[in-house]
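Order as written gives the chain letters A, B, C and D; numbering starts at 1 within each chain.
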Amino acid sequence: MARHVYQATLRWSDMDAYRHVNNVQYLRYLEEARVDMMFTLGQREGAKTLAEGVVIARHEIDYRRPLVWRPEPVRVETWVTEIKAARFQLGYEVLDDDGVYARATSVLVPYDLTETRPRRLNAEERAYLERFLES
Amino acid sequence: MARHVYQATLRWSDMDAYRHVNNVQYLRYLEEARVDMMFTLGQREGAKTLAEGVVIARHEIDYRRPLVWRPEPVRVETWVTEIKAARFQLGYEVLDDDGVYARATSVLVPYDLTETRPRRLNAEERAYLERFLES
Amino acid sequence: MARHVYQATLRWSDMDAYRHVNNVQYLRYLEEARVDMMFTLGQREGAKTLAEGVVIARHEIDYRRPLVWRPEPVRVETWVTEIKAARFQLGYEVLDDDGVYARATSVLVPYDLTETRPRRLNAEERAYLERFLES
Amino acid sequence: MARHVYQATLRWSDMDAYRHVNNVQYLRYLEEARVDMMFTLGQREGAKTLAEGVVIARHEIDYRRPLVWRPEPVRVETWVTEIKAARFQLGYEVLDDDGVYARATSVLVPYDLTETRPRRLNAEERAYLERFLES
């Protein structure tokens, strides 16, 4: 029941002509956090198949405060809000000690890249995701 | 009461290692459509101040079909779903003759970049946005 | 002996915090021009194998004038400056009626993605590239 | 006479449809290394004005080995190869313990963003750059 924590490095070029991190780049930070949770950690701790194919079905994101580039990373906390037979939902916060920059959720669908179709979660994946379940 | 239509050019590099357009890049296409509607067309047709600063408060996006790079653009249709004193909401569809790739909404807040704070829509902006209002 | 001409669409987000198109994005425009020349046109006009794998060995780029986002595309002219057994070189100019924004060259190596190793140009590819040869 | 060392984080999306880090993204890593050397470290150690505006006049880059995304950063080593009155040149290597992925050089021009014109290096900037001079 623990959140996954990822330190996301900002790139100077993530800022746009308004001199703030561009809204689209926040979703890049969420992607990096997911990759860390599902590919890097998942592969090491028993949910290898998650790395073989998961597609995004939906994102929702609320922007709370503008973010300006700095050398220090932002923290992306990720947790699981719902697990169904063939989809699951993640919650995220992008934050640092000054507060929260964005809150988001994503719906993900396990995907068989060879058969090019959605598939059900297997027992190993389900057990892995349950470690991060917060309701 | 017409939708704004923007032909978004895909870049080959919008595809990721799965050989589909990366989910985050869809939001880049929405941004290009907004820029065309609010900066390019808005400036020509009487809502110049929209180009001076609008920030994103929220996005929702549903992915319907995978998109693979091709030289032909995708069509982004944009319309206004709600206008309030100090915020408005857009609806979008990313599509071509084969169907819809994504549906999305964004909440936008007019912003005074000099004073660095949200501001109310002015009459000119409101009149411009009403042209695209669909409820 | 004609240059290949590609109209590259700028994205608003190609600008960085200095409010100019970021230097790295110019190379994205070169990539789009190459993709158009070698994948789209190449496939239509008899050099299909070029689309199956070409890797970049080297780039040189000189920046001449700053470029600011605008709805109008920039023109990327591309030509072939040298053809060898297993590599060829392209020249480029990024320009519009106001002048030249950048000049560049790239060295490209045909690559067998299945065997993961460089390969020689075949006769069809060579004939296709010679159409753009300028020395 | 020491090289500047920056650990560049790869993003999963830096890979393209060929499942290698896209050639253009290497220049992003060089940018991050420069930002660290000239903005972050420069500001702390007495060359504040370098952060106020430097433009790129030229890049050369040679790609040596393909790079595949992994959670571990790559090392970007940066040094100064030449200092003139109104421009200087950097050398770079992108590498890890397995070898060198790319070698590059850039020509940079100090720029007065207020006056929008090139300017000469000041004594403080020159002294800072000399610490990294390697000939």
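Methods note: a contact is a pair of C-beta atoms (placed from the backbone, for glycine too) under 8 Å apart; a residue touches a chain by one contact, two chains touch by 3 or more.
Molecules present, by chain and UniProt name: A, B, C, D = Thioesterase family protein.
Values in this document were obtained by computation on a predicted structure and should not be read as measured data.
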Chain separated most widely from chain C, comparing mean CA positions: A
Centre-to-centre distance between chain D and chain C (centres being mean Cα positions), rounded to whole Å: 24
Chain B and chain C: spacing of chain centres that average the CA atoms, whole Å: 30
Distance between chain centroids, defined by C-alpha means - chain B, chain D (Å): 35
Of all residues in chain C, the ones touching two or more other chains: 12-13, 24, 28, 31
Overall pattern in which the protein chains touch one another (line/ring/star/complete/other): complete
Sites on chain D touched by chain B in the complex: 12-13, 15-17, 19, 22, 24, 69
Chain C to chain D touching residues, read off their complex: 18, 23-24, 27-28, 31, 53, 55-63, 66, 113
Interface residues, chain A side, partner chain D - complex: 9, 11-13, 28, 31-32, 35-36, 39-40, 71
